[in-house]
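Next come two complexes, and both contain chain A; in the first it sits with chain B, in the second with chain C.
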Partner chain A sequence: MQAPTKVATRTATAASGAPVTILAFAGDIASTSKEPILEAYGATDGQKLLLDFSGTEYVNSSGIAIIIQLLLDATKTGGRTVGIFGLTPHFQKVFTMVGIGKYATLSPNEAAALAAL
Partner chain B sequence: MLRRSLLAILLLLSMTGLRAQTPVSAPDTADPAHLTWTGMDRPLNISSSWFTNSTQDEPAFAQPGYDDSHWRLRKRSDTLRSYWQRPSHVVWYRAHIEAPAGIKDLAVSINGIHGPFELYANGRRVGGAGRIGDPGVFGDMVPIVYPLPADIAPDGHLVLALRTGILFTKDSQQGGISTDSSLLLGATAHINDTRSLSIFESLASNYTNLVIACIAGIVALGLYLSARGREYLDLTLSYITLAIYNMLEMWEFTRAIQRSGFALLLTTLLATAPVIFNLEFIRRILGRPRWKLFGIIQVLLLVNGVVIQNLFVLAPQIFSFLVQGLFPTVLAIGTYALLDFVVPVIIYRAWRRGNRDAGLLLVAVLPSSVLVLAQITRSVLALTKVIAGGSNPLERVPGITFNIGWSEVTSFFASIVLLLFMVLRTIRLAREKAELSAEIEAAHNVQTLLLARATQPTPGFAVETAYRPASEVGGDFFLISPGQDGSLFAIVGDVSGKGMQAALRVSLILGALHRESSREPALVLQNLNSALLSQGDIGFTTACALLVEKDGRFRYANAGHLNPYLDGEEMPSAGALPLGISPEAEYGTEYGNLATGQRLVLLSDGVPEARSAAGDLYGFDKLVTLTRLPASDIAEVAHAFGQTDDITVLALALA
Partner chain C sequence: MGFSPDRIEDLKTAVAEACINAIEHGNQMNDTLSVAVILSPGEDHLEIKVIDDGAGIIGQPATPDIDRKMAGEEDPRGMGIFLIQSLVDEAEWHQGPPGKSFVRLVIRLDKEKN
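Coming up: the complex of A and B.
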């Protein structure tokens, strides 16, 4: 059974000293996740954004479409720098496969992600 | 919702002629101390003209010779409160009747004493109901007939005595003779006729309700068993409890039953349950959450209809302590305001938002809700003395001799509309299901046809395919196209989403691929991306296109799809956006070589994303060995692990 998506927003500081907004996802990411994810994303500001998938076990194709939509908006429209961390190895591969690596750096954990921003 | 019925009204209207033929009570005599009865042809109304004593309880009070001249005379309009003195649990009544000497074959009919009593005639106990001193209340009932012994009044002088039990709390009291009590003395045959008519008047609506509840309950049960919708189970339970309640009420009406303990609890639960189940039915139809407003109203209904009523009888001290002043009135008004105002508003809003079922539900509940709200408004105005109390025009249907309430009319209307609701909804759902099945069947046929065209003879190559959709119509696609130069073009892809939308997109993609003139993998993907983007926002599609020359050299391009596996080894490619997302997406070309004896496998994500019952993914790591198996075996392994998506496997080798 699909676990509902929850999104928490927090802030951190990048290695460069710039403020970073972190959107932390919990639960599975699927078509029903669109509203909570895009709502939380819409409320963020700042140039640097991290997506935390540590609490996510499963992302289906509709979930990947939502993440791609977010990344295209953030990088192409908003000119923001985006990083992703906390993915399982399986979804690290899937995210790479669908070309997300071109729009966001993929890091194994938060510290590495903050350092890469 | 269901209480009485319009059918009962029609039935009773048709019986007005019968009522004209039945005996009616004689007017009271001028002397209230001694009623004189001259004719056996008509019963004597003895509802008033009783001497009362509520301060003492002596067996001698039943004797005809007892001197009751110092007792208080009760007038017809006297309520119990006006002559009963707290804290007495017993009130005595005595009446003196002068009848013709030697009169025989007499009976007394008693109705509307809401408590236990004992009836004495010339000192002999001739009947009674319940046990004085026991807790419990009497509901409304039809007259109970007590025949008098043949030799009861040889000289025509008859003294009737009633010993009644009073149940009371700080704020209320029940029992004894009150304004709605009806007592008659007359010939047994006449009294029995009067009782028969009274039973008919009282129970005709119960019979009608029972019939309606049984019919509607059977329809609802049938729908539940066939369609398995929980909403129909709620409706079934509503009608079952309503039918049982009506049967119980009819049984009680014909007997002087003292409800106490479990019986009272059961009765109040059965009276409240139909409304609660109806509310649950409405909640499901509207798709509202259980433990919010609807749950609160259901709890309030239980408190009003069951807890407070049982406390009154079973624990009057606790009732007096908890229920002070206007609290029960305010609680009842609040509950019914929520039930009859807020719920119709919610139904109305659902209807405005396009819920077609809500429209008929609104028709069903609106008359009843308007009536209850009008009654609440009138009660509040009367309580606050804005208008005078007295007779309530909102209770009885005017112009009808029989006692039929507006609530019974609205309830009957609601049940008829609900029956109509069930029939229309079932027809609509069946039609929608049939239409959907036809659409799926059509899509399945189109897809089967297109996929059949996708597999053509492949001279110079050995090709295996395995296609296992997760549902009737799949979101995966593949195409194999041999070229005149001995090459082989192949593509495997997956559209996001499922069902009809995905199936239609697969049809669109296969159509575009059949029309495609290029066999260059990157260009095919580029063209397909443009074709999909021209359709607007229809989700995304991943695909891997491959062209193998007749000598085994191959090149491929990938749009977010799984890479090809060559003898179990994953071929590399830079990640690329799926098709249908961005016009700027670019697809690079990768190269490889297929030697004789090697196998090149393309597959969809239904294989690595097969998910076990425990939630584990099959994963990418095992593909190294899995892709060495025949295509059908690969699909079978993924399916057995836990298929969650369409599975497509395509394996190529030089022949």
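Coming up: the complex of A and C.
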């Protein structure tokens, strides 16, 4: 049974002192996640964005496509810096496998992600 | 069977992607059709067949290219078969029996030594 995606937005400060918007995902990230994720992303501003997957245990290829769509808009269109943290070791491997690590820093936790921005 | 947690996660993702393909592409989202998953343990491997009512895959899709996706030149989707092939030791797509097709996945215990 698929767990519906929930997205919470919060703010933090990067090691550099710059403000950071964090989108924290809960539930599964799959095709049905497109609307909640892209809606929450559309309401964000600022140059630095973190995606928090610590509340997520399952991501499939459709979910990865949504993240790529978000990254494409944020980095290419918006010129924003994006980091990702909180993935399970398995999905950290999967994200690296598909090349997402080339366009977003993959960190194990929030502190490391804020330091990397 | 003695697979490590890491290999079990690989298998879970590969089987989930195979089932998604079976539902979306094989059965064309027809909820009156079903998908069969058959697990056959061997001495040193586990074979999984995922069977649907579609015509099967004709030719392999191109390997996804993140740079082309990020350039907007390639659909962001289309990672499923790549993930399946990357996460298991064998992945083969077959047509038949009549009216059906299946993907056969194998993971081997000897990968534990790597």
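Everything below uses one rule, namely that the second predicted complex is superposed on the first by the 117 of 117 C-alpha atoms of A that agree within 3 Å, B and C clash if a C-alpha of one lies under 4 Å from a C-alpha of the other, contacts with A are read in each partner's own complex, and residues count from 1 in each chain.
In this text, contacts are C-beta pairs under 8 Å (C-beta built on N, C-alpha and C of every residue); 3 or more make two chains touch, one makes a residue touch a chain.
In this text, all values refer to a predicted model and were calculated from it rather than measured experimentally.
Superimposing the complexes on chain A yields a three-chain arrangement in which chain B and chain C clash. By the document's definition of touching, of the two partners only chain B reaches A:Thr96; chain C does not. Contacts of A:Ala26 after superposition on the shared chain: neither chain B nor chain C is touched.
Contacts of A:Ser61 after superposition: both chain B and chain C are touched. By the document's definition of touching, of the two partners only chain C reaches A:Thr75; chain B does not. When the shared chain is aligned, no partner comes close enough to touch A:Ala116: not chain B, not chain C.
Of 153-161, 495-503 or 549-557, the chain B stretch that intrudes into chain C once chain A is superposed is 495-503 (criterion: clashing C-alpha atoms). When both complexes are aligned on chain A by C-alpha atoms, chain A residues 58, 61-62, 64-65, 68, 72, 90, 94, 97-100, 102 touch chain B in the first and chain C in the second. Interface residues of chain A facing chain C in the complex, by the touch rule stated above, are 58, 60-62, 64-66, 68-69, 71-72, 75-76, 88-90, 94, 97-100, 102-103. Considering their complex, residues 6, 9-10, 13, 16-17, 20, 64-67, 69-72, 75-80, 82-83, 86-87 of chain C touch chain A. Those residues of chain B whose C-beta lies close enough to touch chain A in the complex are 494, 496-497, 539-540, 542, 558, 560-563, 574-578, 581-582, 585, 605, 608, 611, 615, 617, 619-620.
For chain A in complex with chain B, the touching residues are 31, 57-58, 61-62, 64-65, 68, 72, 90, 93-102.
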